[in-house]
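Down below are the structures I want you to see.
Both complexes shown next keep chain A, but they swap its partner, so chain B is in the first and chain C is in the second.
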Partner chain A sequence: MEKIKQIPIVKKLGFNRIVLFAIMILMYIIFCATIPGFFGPGRIMSILNYAYFLGFLALGVTFVIATGGIDFSIGPVMFCCALMAGYTFGTYHIPMVLAMLMSVAIGFLFGLFNGFMVSFIGIPPFIISMASMNIAKGIASVYTKTQSVQWPQSASDGGWFRNIVKVGGFPVGLVVFICVVVILYIILNGTKAGRYILCLGSNREAVRLSGVNVKKWMMLAYVICGTLVGIAALYYVAAYTTVQPGSGDQYNNEAIASCVMGGTSMVGGLASIGGTVLGTFIISLLQEGILAYRLGKDIQLIITGLIVIVFVYLDVSARRRKS
Partner chain B sequence: MGEVILTMKGIDKSFPGVHALDHVDLELRRGEVHALMGENGAGKSTLMKVLTGIYTKDSGTITYEGKEVEFHNTHEAQEAGIVIVHQELNMVGDLTVAQNIFIGREFKKGIMIDDKKMIRESQKLFEELKIDIDPKAKMSDLTVGKQQMCEIAKAISHKAKVIIFDEPSAALTEKEIADLFNIIRDLRAQNLGIIYISHRMDEIKVITDRVTVMRDGGYVGTLITKDCTKEDIINMMVGRVIYETPKTQSAVPADAPVVLKVEHLNAGRMVQDVSFELRKGEILGFSGLMGAGRTETARALFGADPKTSGDIYINGQKVTINSPEDAVKHGIGYLSEDRKRYGIVVQKSITENSTMATMEEFMSGFLINKGKEKKVTEKYIEELATKTPSADQLVVNLSGGNQQKVVIAKWLVRNCDILIFDEPTRGIDVGAKNEIYKLMNRLTKEGKSIIMISSEMTEILRMSDRIVVMCEGKKTGEIPIEEATQEAIMDKATRDIQ
Partner chain C sequence: MTEQNIRWNEYYRESQPAARKRVLERLLGEGPDDGADAFRKLLYKSRYTDEKDPGNEVDLFLYECVNLIQIFHMGRLFRKRAQKELAMTGQRFCLEAAEQYGPVGEEALYRELRNTVKRYFRTCTSSGYRRGTFGLVGSSAEEKKRQMVKDAWEMSTGVTRKYGREDAFRVWNRAVREELFSGDPEAEQLFRDYEAKQADH
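Then we have the complex of A and B:
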């Protein structure tokens, strides 16, 4: 085992990520073998649809978790973005482009709010994100008068926005997703922002005493997260068109599960973009499989809950062994 | 000295990239105080961690009371009668002394905790040790020295047969050290085996019977203390003779410009109306006892803690410093006394730590120029002789002395003109100490100015050009090195403030 880990290519890709990839392939094979009709492009498209919005959520929250924080508001904020922008589009007939920008802007503002409260005011991330989760649900309900919101179908006016998922048979969404992943990878591993976010997640005081404005960089992590949540909202409605007010919580768990599975540490300081992407695909595949088995959403909630526990345990015990 | 109670033979332990222990032997007898010495990173702590079950050894045997043993955690070791009194105290500040001593094994009356019995038992322990501590006092109200005594009482209450003291005197005053030694002598008389880890050579001569010296993870040898000299031990530790001579004359010319002027600095109870000047190329020593307010002064000056009032001038210009960011911008670097908490990010690499204060120099556009980063880091690894396989090594894998060098590198990369070194050699061995001294002298020759806070008298006398003495939050004296004596400094450090 230790020998395998020392092989250069394994070291570069990360042993854990290789294992995750293998698990993903294995899951797919098992689903294909046990569920008639699972194999084929239809299911893959469906898995991708889920992976896009979940992926943006998970990537966003990866930055927050890297600082040692947490954000339980991402799911409901995503719904808030989709509801408010969609309602505005439907009721006030603003151009689709504006509606899309509005979604991203709402996500951005929630990120700014959470980040400001955590970094500058000093409210624990757990508390503030719980609060903004409820605020997001509340605002969305008030604004939409507790109605569900329908984004336009492909054929109707403004329905062109669904091209962000696919044009004809071509998966545009995947291209966008990969681009965003590459950009985020560079931000996390190649820029000052990423360096400081990871370092302050590990030892905030030491970074502060090095003359770094830790509050600013910490807030930035939440802003990145919020912005990605706004984008996630667009991919959600592009895939499913209808949004109900008052929900979205389950996606918090799925996004956080994707992060921790991918090797992002819940105590901060360690994060992996590639790992989060793999985690996202595993969760998406899992939900598709559970759907195909007709087991229902409840089973999936239980499984994602258990995944979080198992992977956080693995992280904690790995750290204990190291120190 | 009685019969052998503990034998460690051929203990071997490796961590990724580091051979931490290379077939180390150690023999301890009943009624013996056995010193374990060596430079930082020599493997003393690792050896003790193997003994008490924190680490598992790769090979070798531990024989305790005639039987081969292997403990899997400190609890098992404790049960068997081997306890450690740590350098860093493990006490819960908000609990009472008695509650701390019996934490995890409280006496019960039914389902209620029997506080009275714990207080009685603590009292008995203290009487046995002839120390005067109120078991009902809150732990956080005690001095560090008293807290240490409580640790010892706790260790003894475990019916210990072997007690390991890991640098117990590092934070104690002279008087407290004397008390500690009396306790250790008592324990020896009761036939306990005692392992004593310390860097203070004078203590070793006073209190120990034998000395085992380690170097770079290996066993060097064991001597009988009364038959050997300080120089013998030091030579075994470093393989060279070290001379420590105090400075007799300031190296700073009389007309050297003032680079930093602090006027009427106030920050809480620990910093009251402190004023001083620092000249170009000077090492300004800050002397005083624990709790004199020296670190607090440095932190307030650096913007790490808020100050209530006071003016700071750099090169004659008044500056505003409200955060470390401001201080660093004005060319001040701060090396904390607690490097793990305030100095380094242990889970990150040497490179990432070294360039942390100077990121803007390593940017090409939005991206970090990692090649440049690595080159600069490697330069400082070589210059400071940091022991590491590579610049990518995580700092957590380095020894204390080498971690300190990484923090120093961070400020050298930044090229700060004013450096605050807070206990720069605390917990660092003689060899690395000398390297740091040499480095400080080189830096001042290059025109940098250093504020050095130190609790070691020899260090203050050897390095400073001028000495500021503090006591209970106030500056009580300023002594040019030409007039400085231990007595003069001690007099000011202990002056009663009315």
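Then we have the complex of A and C:
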């Protein structure tokens, strides 16, 4: 194993990333071999549809985990954004652009709230994000009167918004997703903000004593996460149209699994945008495979839960081994 | 230890910037100058002055401790940037400037850097340091010590070796090692073990 790690190309790309990529390819081959009709562009588009919104969630939570925190509210907040913006569009007939901006703004405000409570009030991220999860579900239910919300179909008024996923056969969503990934990669690795976020996860007390405004940069991580959750909501409804109140929890697990699987340390201080993207595609592929096997949503939840346990265990044991 | 070194003990034992400033001013006033007084002032300025916001209380050397760990972990795509940042850290530490002052300058630099590292190591005992699993699980004293040793290796030998700057940073590397080893005899063994493990990788 050590010899493989020393091969220049392996060193350059990173051993873990190569393993993840190999897992993804292997999974795809297994699914194609065992599920009739799995191979083909239709299934790939379906995997991509899932990967877009999950990817935005996972990328967002990567920033929070990099600070040594966590956000368990991302799934329900995503649904809250989609429900409130969709309900406002359908009931008050606001322009679609405003509805889309509203979704992003709601995500942003939840990020601001979580970040403020964690950074300035000092409430542990676990507690505040659990509370936010319930608040998001509650607000969405009250606002929509516990009704499911239907975003417009492509041919309907305002249905153009679905072009954010694809136009004709062209995957616009993939282009947007890649652009966002590049921007986030640069923010995390090439800017002062990203460096402060990583340093906070590495040793917050030292960063505080060195005169850095710890609260501001900590809050920024949550705001980035919230904003990406708002965008994820748009990609969710663009792919699936209907949103039910009171749910969204399952996507927390999937996003966190994608993130940890990709090499972001649960202790903070280490984060990998590329790894998160790979993790997202593996989870999306797995979900698509489970659906194709007709195993149902419950099995899907069990498998995702187990994946989280496995990767959290691997992260903890790797940390012990390294030190 | 020379008489001059003993005279400056009080300054290098102190970790609070305001208290250090008072001691520095007093000791400079008491004289005599061993030839490194101007350099000590330069180091103080470089460490505690925020050029953009002079009113802000900072410890830029302490920040560099955390920053060096991040430079160590920077991806290959940012290799040039990492090298540039490492050079800037060297400038911040006044590594080249120390050479102008000869052995007394190097000694002053070494003691200033040890003072920095000592302050960093103190932060490693805080309750928030490296809390596991999304900040939910606190680390034991043993885990904190191991993590601190890992930090010490990455911010000194690790990062300077990775970017081929071991010679330029030799005073820094010595300060980190000796401060680590002086506080806890077991730390030296942990450091050596970690270094050997990294060499295998």
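Everything that follows uses one rule, which is that the second predicted complex is superposed on the first by the 323 of 323 C-alpha atoms of A that agree within 3 Å, B and C clash if a C-alpha of one lies under 4 Å from a C-alpha of the other, contacts with A are read in each partner's own complex, and residues count from 1 in each chain.
In the analysis below, a residue touches a chain if its C-beta (ideal position, glycine included) is under 8 Å from a C-beta of that chain, and two chains touch if they have at least 3 such contacts.
The structure presented is a predicted model; accordingly, all values stated were derived computationally and were not measured.
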Chain B and chain C placed together on chain A: clash or fit? clash
State whether A:Met133 touches chain B only (first), chain C only (second), both chains, or neither.
neither
Message = A:Gly68 in the overlay: touching chain B, chain C, both, or neither? Say first, second, both or neither.
response = second
Note to self: Going by the contact rule set out at the top, does A:Gly211 touch chain B (first), chain C (second), both, or neither?
What the structure shows: both
Query = Counting only touches as set out at the top, which of chain B and chain C does A:Leu278 meet: first, second, both, neither?
reply = neither
Looking at the overlay, what does A:Thr191 touch: chain B (first), chain C (second), both, or neither? first
Contacts of A:Val237 with chain B and chain C, given as first, second, both or neither:
neither
So, does A:Cys199 touch the first partner chain B, the second partner chain C, both, or neither? both
Counting residues of chain A touched by each of chain B and chain C, the higher count belongs to C
### Task
Using the superposition on chain A described above, determine whether A:Ala255 touches chain B (first), chain C (second), both, or neither.
neither
Footprint intersection on chain A (chain B / chain C) at 190, 195, 198-199, 202-203, 205-207, 209-212, 269-270, 322-323
Within their complex, chain C touches chain A through residues 50, 56-60, 62-63, 65-67, 69-70, 73-78, 81, 119-120, 123-124, 126, 128-136, 143, 146-147, 149-151, 194, 197, 200-201
Chain A residues touching chain C in their complex are 2, 5, 12, 65, 68-70, 124-126, 189-190, 195, 198-199, 202-207, 209-212, 266-270, 312, 316, 319, 322-323
Per the touch rule above, chain A residues touching chain B in the complex are 186, 190-192, 195-196, 198-199, 202-203, 205-213, 269-270, 322-323
Touching chain A in the complex, chain B uses residues 302, 304, 323-325, 327-329, 334, 336, 341-348, 352, 356-357, 359-360, 363, 366-368, 370, 396, 410, 414
